[in-house]
Each structure stands twice: as C-alpha cells, then as structure tokens.
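Paired with chain B in one complex and with chain C in the other, chain A is shared by the two complexes that follow.
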Partner chain A sequence: MSRLLPFFAFVLLAALLGFGIWWNSAHDPTAVPSPLINKPAPAFALPMLDEPAKTVSKDSMLGKPYLVNVFASWCVACGEEHPVLMAESKNFGVPVIGYDYKDDPNDAKAWLAQHGNPYDMVIADINGHTAIDFGVYGAPETFLIDGKGVIRYKRIGPLTPEVIAQQLKPAIEKLQKEAP
Partner chain B sequence: MTPELGQLALILALFLALAQSVLPLIGAWRGNRALMAVARPAATGQAVFVALAFAILVTAFLRFDFSVQYVADNSNLQLPWYYRIAAVWGAHEGSMLLWVLILNVWTVALTLFSRRMPDAFLARVLAVLGIISTGFLCFILFTSNPFARLLPMPPDGADLNPVLQDPGMTFHPPVLYMGYVGFSVAFAFSIAALLGGSMEQAWVRWARPWTNAAWGFLSCGIVAGSWWAYAELGWGGWWFWDPVENASFMPWLVGVALIHAQAVTEKRGSLRAWTILLSLFAFSLSLLGTFLVRSGILTSVHAFASDPRRGTFILCFLAVVVGGSLLLYALRAPKVAGGKAFALVSRESAILIGNLMFTVAAAMVMLGTLFPLLGDALNLGKISVGPPYFGLLFPLLMLPVVLLLPFGPYLRWGNSEAPVLKQVLVRAGISAIACAVIAAFLVQGQLKAIAGVASAVWVGVGVVLYILKRWREMPSGRRYPAEMAGMLLAHFGVAVFLIGVLLSESLSVTRDVRLSPGQVATIGGYEFRFDGVTQATGPNWTAQQGVVTVTRNGSPVAVMHPQKRTYTREQVQTTSAIDPGITRDIYVALGEPMDPTHIEGAWALRLYTKPFVRWIWGGGLFMMLGGFVSAADRRFRVKRDVEVASTVTVKLQESQA
Partner chain C sequence: MTCMVTPSPAPVGKRTDLPRLRVIKKQAFAAATKLCISLFVMLALAFIANSAIAQAIDPLPFRDHAEELRFQHLTSELRCLVCQDENLADSNADFARDLRHKVFELMQQGKDDAQIKQYLVDRYSDFVLYDPPVNHRTWLLWFGPLLILIAGGIVVVNTIRKRSRTAAPIASAPTDNGDDW
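So, the complex of A and B:
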C-alpha cells in the first residue's frame, strides 16, 4: 500500500496542475483584482482634447453609465485595440470617453485623425496625474462607470472581440437592467 | 521550401521514435532479438532527423528567412549572427526542439557506450527514451511547430528579447537542458529494471556515470543562469526563487539525493526501492519544470506566452509518463528490503539523513512554487510566497547537511567507529571556531558573515583533512580514484559556495545615488566618480553610456561603463558594468537622467560592492566538476573481459549449432 503513496501524491499534484490550466483559461493570469471595483470612481476634471478650455468632470457625467478607455498615441497595444473599438464602440449602448494618457495633444489628434475616432468625446490627461487616482498601470485600460459614478468593471490591456462579448457587454447589460 | 523539409524531418523522426518505443519493448518481452535490435538503429536514425530539423531552423535564422513565423518573431536584420543562433532557443518552439535534440544526444551517447549491457535491458532503456521522445515530438508537431510559415513575408523581423541578448544566454539553455534531460537516462534505467524485474545491483552501476554527468551539466546550467540574472537583470541579485529557477533547482536537489543513494545501492545493495523512486522523481521534476515553464500557469520574470492547449498536452504527457512510472513502481518495486544491514553510525545513515534533507528541500521548493496555484484552488486569493519563505526554510534544511558533510568520507559502510570521527570533529571544529573569531573582528560582528566563514572552514577543513589522510595512508596511484576525487571536489565546492553566499549576502553594500558629472560617492571603501554620459553604439543598439571612475584611497581601480541600451525595436535594456574580482565585485547600473531633457546633467545611479559574490558560482563550478570527474571513473566503464568472454561463448554456441 505504501508503495502507492508516490502515485497518489502525483494524482493530487496533477489535479492541482489541471486546475491551474482551467483557472488560467477562465481567468486572466495577470489580472490583479482591482481594489477600485464597486468603489466610487475618483473625482476628475480634465480638459477635452479638442477644446482644452472645456473640462469634463466626474460630476458632469453622473446620471448614466459610460465607458472610459485609456489610450495614447505612443501605445503599441492601443493600435491593436483600435480597430476593435472602431467596430464596436457604437454598439455598446453607452457613451465611450477616450482618455488620452501622458500624450502630446498634437500627437493624439494626429493619431485619431489617421486611424479614426471611435470616441464620443476625448479628454486629455497630459501629465498623467489623474491616472494615478484611477490606478492606471499603462495604456490601454478600460473602465465601466455607472450612473452613480461607481466603477463596475475594469479591463487591463487591449479589448478584444472575445473580451467584449464575454465580459464587457454582459457587464453593460447588467447595468442597464439595474437602472430603471 | 526548406522549412517544410524541417517539418518533414520531424515527422520522420516521430515515426522512428514510435518504432524505437514499441518494437524493442515487445522484443524484450518475447525474447525476440530481431525486434530488440531495432532500438539502436531507430534511435540513431531519429537523432539524424532531429538534428537535420534543428540545422534547418538554424539555417533559417542565419539566412533571415522571415517567411518562417518563428524566425520573424525572434530576429531581425540587425541581430548579429551569434545571437541569431541563440535565438533558435530564445522562445518556446525552438527551445522544445532543442529539448528533443538533446534527448537524442543522450540516447545516441547511450547506444555508443552501452555495448556491454544485456540486450533486453538496453532494448527497454532505449524504448523508454523513445516514448519520451515520441511525446515531445508530438508536442512540437501538434502544438508548437517552429517551421510554421508567415505569409506574406515581412521585410524585417521583430527582435529577440533584449534580455536574452547576452553571452550567458547563448549557452545557458543548452547546458541546462543537458542536465534536465540527462536525468531521463537514470529514469529509463529504473523503468527498465522495474520492467525486467531484475534487481541486481549491476544496473545501478551502469546508471551512475549518467546520473553524475547529467547532474554536472545541471549544476553548470544553473550557475550560468544565475550569472546571467546577476549580470543582465541589473539589480545585482543572483537567485530570485522565481518559478523558472525553482523548476531547475528541484531536479538538482533530488539529483544530489539520487547520486548518493545510487552509491549506497551499488556498493551495499540497500535502499534499492528508494534509489528507483528517486530516479523517477528526478526526471519527473524535470518534466514538471518543463510543464511549469511552458504552460504559463505560473507567472514569472521568464514569462513565456501561455497557450492552454500546450499546458493540457504536457499535463496529459506528464500523467502518462510520471503516473505510469509511479504505478509501475508500486507494482514492481522490490518488496523486501535487501542489502547489507547498517548500524546507526555508518555512512549509510549519514547518506540517508542527507537524502531526507534534500528530498524535503525539493518538496519545500515545490510547495512554495505552486503556492499561488494552491491559493487560487482554495480560494484564498492571489498569494505567493517569496524569498522570506525560501530564505528561512532552505538554510534550516541544509544546516544538518553542512554539519554532517565533513564526516561523510570518514564514515565506513555498515558500521563506523567513533574515535576517527571525534578527531575530525575536534580539528575541523577548532579551525572553524578560530576562523569565526578572527572573522568576527573583521566584519564588525555580522552574524551571517561569521556563520559563513565558520561553516565554510568546517566543511573545507573536513575535506582537506581527508585528502591529506588519503595521501598519507594510500599507495600512490590508488589515492584518489575518479569517483572519490569527484566527491571531494563537489564537497569542497560546498565550502566555496557557503563563503560566497553568506559573505556576499551580509557584506554587500548598495546605494542609490544621484550624481552630477564630477561628483563622487563613496561606498564600501571605494570612491565612484561620475564622469557624465556619452553615446555608444553596438550592432543592433544605441546606448547612453555612463562613465564611472572607481578609485580606492585615490589609486585607480577601474573605469566602468554602465549602459542603457535601446534596441532596434525600441526595447530599452540596462546593461550593468561589473568589475570582477576574487574578493569583491564592483557593480554599477545606470538609472534615469534627473531631467530627461538634460542628459548632460545629473543621473540616478545604483552602486554596489559585493564581496566574494563570485565564490557562489565558483562553488557551483566545483560541484559541476565533481559530477563530471566522478562520472569518468574507470570502474563504471566497460569490463572488456566479461564482454569478450560472452561474445566468445555466443560464437562457440553458434559454431556448435
């Protein structure tokens, strides 16, 4: 019987490794659970990219849900994400705010002009100070904020059609059901 | 067209591997010599085709054939030729091909050096190796084809990860794999012994040189990896308890236990089942390491792209090979404890204690490595254990080993008398205490450093005393057979390693400083003057290169050039400057300019002095040497007379028939 012990130990180990594979395909292994989920979004007031005189603030956006998509003209992964946003952004049913992160406004404008603008409006965080409050690791990142200004969903890394279909759209639908 | 030939070669190799796994097994079972004889040519043929595939991939890199996806992903026109060759194993697909190639190198070496083994035994050994090879060839062909095309062909490729563009990285993976994969030989011997039911001691003697050589390669590979991390990652550490490092360290630890257990089984016939189990463990841990690195289920600094299909494949393969072999062990392992009895004070007991410590250490490392996974499984959230866990438990487990080590050679098999041990205890003990007292004054009472000196002297004096004893007592020519010389070298390596680890860990000085050109910082008795930043260019990078002049009491020591390189694809990589020395390394890494628009202004720099850090790798190299030297012992080699005698009998029988 004791001769079988190594075998049983291995069975347990294999089960754990199998679980690891399953867990990783179901979850993003690099996802650190964001402490911001279900917490109020930080207060922000940032100028619009096109009209720096006008600012958009958290208070001005209260009332209905919206998406914030962090991007930058220098960000390679944003270039990968961009065509996906171009195709999908009108289908979300909520406004999409482009959050231009640590970028020269002229570069950002040129980038949007060249690749197309999927956003309903674009705000510019030139020095990246507000992004610290949002806990932005890097671009691209996407936040779903509800009508009360609470962060409900966060994606680190590019949105892909799979992520949109499996995570983002269900999260938006859930919000829309909650709202009367 | 050529890349497709590479794929074809792999397919042919797969068929030969299948033949090599199945036919000799049937032959050995049925006693059919013709089927057993298939093993050797099939193994050689397989090796030829795998080598061909590998050569084709190397050629594709050398010729910039960017129509091959793997080449386009990992090299570009600016990459120098030596890194284009290293790029072959710079990512997943190619490194799996290297894995199989090295398995074939071991297999062919075995066919060349095993002509004296009984046919049935060798047939089984080669069949087991064939099964392993079959698994990995399938893995390459079905999930990780390095020859996949990329159309249309891009004009230029991406780049080899700049972290890998380092001389250490060109030979670290091949050597490491030589070690990893080398344990497959001991594994195959054990399986063959279990299958054949022949538990005589002979097979352990045949297996020993292979185990020792594999372990030597593994030591060398780990040393190279540690050196690379130290030189290239830029934070001056030499070991991070990273999952990928642990993956190579676990088989190494079990390998230490195995080498000693094999010696007991070969010489005394005891611990037979344990030796078999350890050889199964050593190779299983190699496979597990491959799984951990390739499946991406653990994140690490060596992060490779993860693909659940790959993970699933290797897990199934693991289940077949490891699960199958452990089941076989449960069914066929010798039921009765055999061999000669031994007393409490004997070499066997000491080796058993060492074995226990090394096996538990390997289990401890495995638990720590898999901890994040356990955390997910038990829903405890993202947790992982790091250096505090390993740094506490590992020294605790190794303490008894270090304490027992000097006695090892003095202990006799079976039963040992106490007086000779008392002599060692007194001599090595007094030397250790004396040196510790002297050290205490030199290092201002740093406990870790004192422990380092004491333990190293304890082990070192123990080994040297034994060398002297052999010199006095044995006739010349019989003083140090290779097996013993290897043991002494490796044990001496432990002393060197202890000095390196404990002194460098306790006495290193690190300072982050901000220096304007002309300013001086003083650490560890050295003055570092920053002389500004210039531009430097290499074959495929441009760099901002700091100039730091190091002096000691005003006399020049070194001029150092830490760099911040920008590679062709905009990846930035810091390259530290190291001034090596036997008693200390000086290490400078260039940080960021204080004001990015004024690179002629002040910069952040990180300065280190690291006493005795080089002894860490020196110790590892002694251990490697020990493995190789003892593998070369004549006793393990051909017994010509026996072989000649048996062929004569066969010929006689033939002529009579």
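So, the complex of A and C:
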C-alpha cells in the first residue's frame, strides 16, 4: 500500500493539472465577474452619436428591456463581433443601443458607415467616465437591462452565435415572460 | 555647473610671440564658449523633455507630497483590469489612466481609501483589489496553503513514527549497554 502512495500522489497531481487545463479552456481566465448583475444600472445621460444635442438617459429608457452593446471603432474584437450583430440584432426582440466607448465621433460614424449599423440608436461616451460606472474595462461588452433599469445579464467579450443562442436569447425570453 | 571662460591677461615674459599667442587664445576662448553654450542648451533640452514625459504620464495637481504618496500607495494596491498583471500605478494603459483619474477625483471629494476601494469593488468586483478580502469565495485562496502544510505535516509525522517504530529495536540494542568507553 505504502509503495503505491507516490503513484496515487502522482495521479492526484495529474488530475489537478487536467482540471486546471479544462477549467481555463472552458472559462476565460481574464473575464472579471460583474458585481452589477441584478443590480440597478447606473444613472447615465449620454449624447446621441448622430445628434449630440439629444441625450439618452436611464430614465428615458425605463419601461421596456433593452440591450447596450459597448463598441468602439478602435476595438479589434468589435470588428469580429460586428457581422454577428448585423445578422442577429433585429431578431433579439428588444432595442439594441450602441455604446460608443472612448471614440472620436467621426471615427465611429465612419466605422458604422463602412461596416453597417446594427443599432437602433447609438450613444457616445467620448471620455469614458460613464463607462466606469458600468464597470466597463474593455470593448466589446454587452448588457441586458430590464424595464425597471436592472442589469440582468452581461457579456464581456464579443457576442458569438453560440453565446447568443445559449445565453443571451434565453435571458431575453425570461425577461419577456416576466413582464407581459 | 559653472562654465566661466575669461581671457586671462597676456603673459608678460614673451613679448615676441604676443600677436600669435593672442590669436590662439582668441580661438580657444571662442571654442570654449561654444562648448559651454551647447552644453547648456543640451541640459536645458533634457530638462524640458524630462518634465514633458513626467507630465504626460500623470498631470495630476496634488495639493502636497503626502497626498501624492497616498495616491501612489492606493493605486499600487489596485489592479488594472485590461493588463491584469499590472497595478494601476504602473500601467500605461488608457483604461488605467482613466481609473487613476477617477481615484484622484474621489480623493479630492474627501473619500478615504476604504471608500475609494469600495467604489471600485462595486463596479469591478473584488478582482480589482490586489489584496483580496477573506470571504466564502476566497477562503481556499487564503487558507489553502495552510491546509496543504497541515496535510504535509501529518504525512511527515506518520512516516517518522513508522520508521522510528521499526528502526528503534535495531538501533537501541547495541548502543544502550553503557560501555561505550
């Protein structure tokens, strides 16, 4: 028995290594869990990209669920996500707000003109101050906010067809069942 | 740095070479002056460039040195979420700069260190702290090494006991007769 002890110790360590590899391939080790889920979204009031005189605020969006998709023209991963949004954004059943993060408005407009605009409206956070309240630390990020202004789901990183089918759409459907 | 070039009075002894000597002296004087000016310009440029770089990193108007030290200590305990192996104080990322400015802003509002940390934890979770608090999600992180140490200690104690039990009769029999001398 005691002769087998080193062997068992080795198997244990190998199993631990295997678990670590599996865990890190199944999870994004750099993703930071958002403490804001199921908490009220921060109050925000940001100008629209196309009409800076008009602002969109949290209060003006209350009443129905909506998605906020943080993007920027300088963001490479947003370019990867963009075709997915172009294909899917009209099928979500909720308005999709583009949140232009720390971007030159002209760059953002050119980017949307070139790649297409999947958003129902686009708001611009040029200095990124409001984004700190949202816990944004990169782009793309996507928030699902319900009619009461509570954040119900957050995706850090690009939306993919898998993420949309497995996480985002079920979350939206759940919301729509809650509030008829 | 002192950089004084003054033409010393011509030596009195050699009157014959005086004009030539004067020319050489004049040239030397001009060369030294040039060197002095260029050195001064270079130093001035280096100084200006240096202060420009320092300002580009953080142009924060601290009230005094103590406040600056407090800011540096606080930001060194906070993690930059974009470049996760760096703290806020060291990171050159745009995002880290934004958070540094936020920390500074909160300091100006009179918030203490705990309040500023809580502000960031509310938005970015405990992950933003380099010194994670003890709670149900971090107890393994805090006490895991202790558990491993205890487990290792039990194994070592067991092994020693087992060995001393088997080795004792053999070892004690010939040495315990008291007639070693």
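Quick notes on this structure:
Basically, the second predicted complex is superposed on the first by the 164 of 180 C-alpha atoms of A that agree within 3 Å, B and C clash if a C-alpha of one lies under 4 Å from a C-alpha of the other, contacts with A are read in each partner's own complex, and residues count from 1 in each chain.
Rule of thumb we're sticking to: a contact is a pair of C-beta atoms (placed from the backbone, for glycine too) under 8 Å apart; a residue touches a chain by one contact, two chains touch by 3 or more.
This structure is a prediction, so every number in the text was calculated from the model and none was measured.
In the superposition on chain A, A:133 makes contact with chain C only, not with chain B.
Contacts of A:16 after superposition on the shared chain: chain B is touched, whereas chain C is not.
Once the two complexes are laid over each other on the shared chain, residue contacts for A:36 go to chain C alone; chain B is not touched.
When the shared chain is aligned, chain C comes close enough to touch A:102, but chain B does not. Once the two complexes are laid over each other on the shared chain, residue contacts for A:7 go to chain B alone; chain C is not touched. On chain A, the patch touched by chain B and the patch touched by chain C overlap at residues 30, 32-33. Chain contact summary for the complex, chain B toward chain A: residues 273, 277, 280-281, 284, 288, 291, 295-299, 306, 308, 311-312, 315, 318-319, 322-323, 326-327, 329-331, 333, 370, 373-374, 376-377, 381-382.
Interface residues of chain A facing chain B in the complex, by the touch rule stated above, are 3-4, 6-7, 10-11, 13-14, 16-21, 23-25, 29-30, 32-33. Residue ranges on chain A touching chain C, taken from their complex, read 30, 32-36, 102, 128-129, 132-135, 137-138. Interface residues of chain C facing chain A in the complex, by the touch rule stated above, are 81-82, 84, 94-95, 98-99, 102, 121-125, 127-128.
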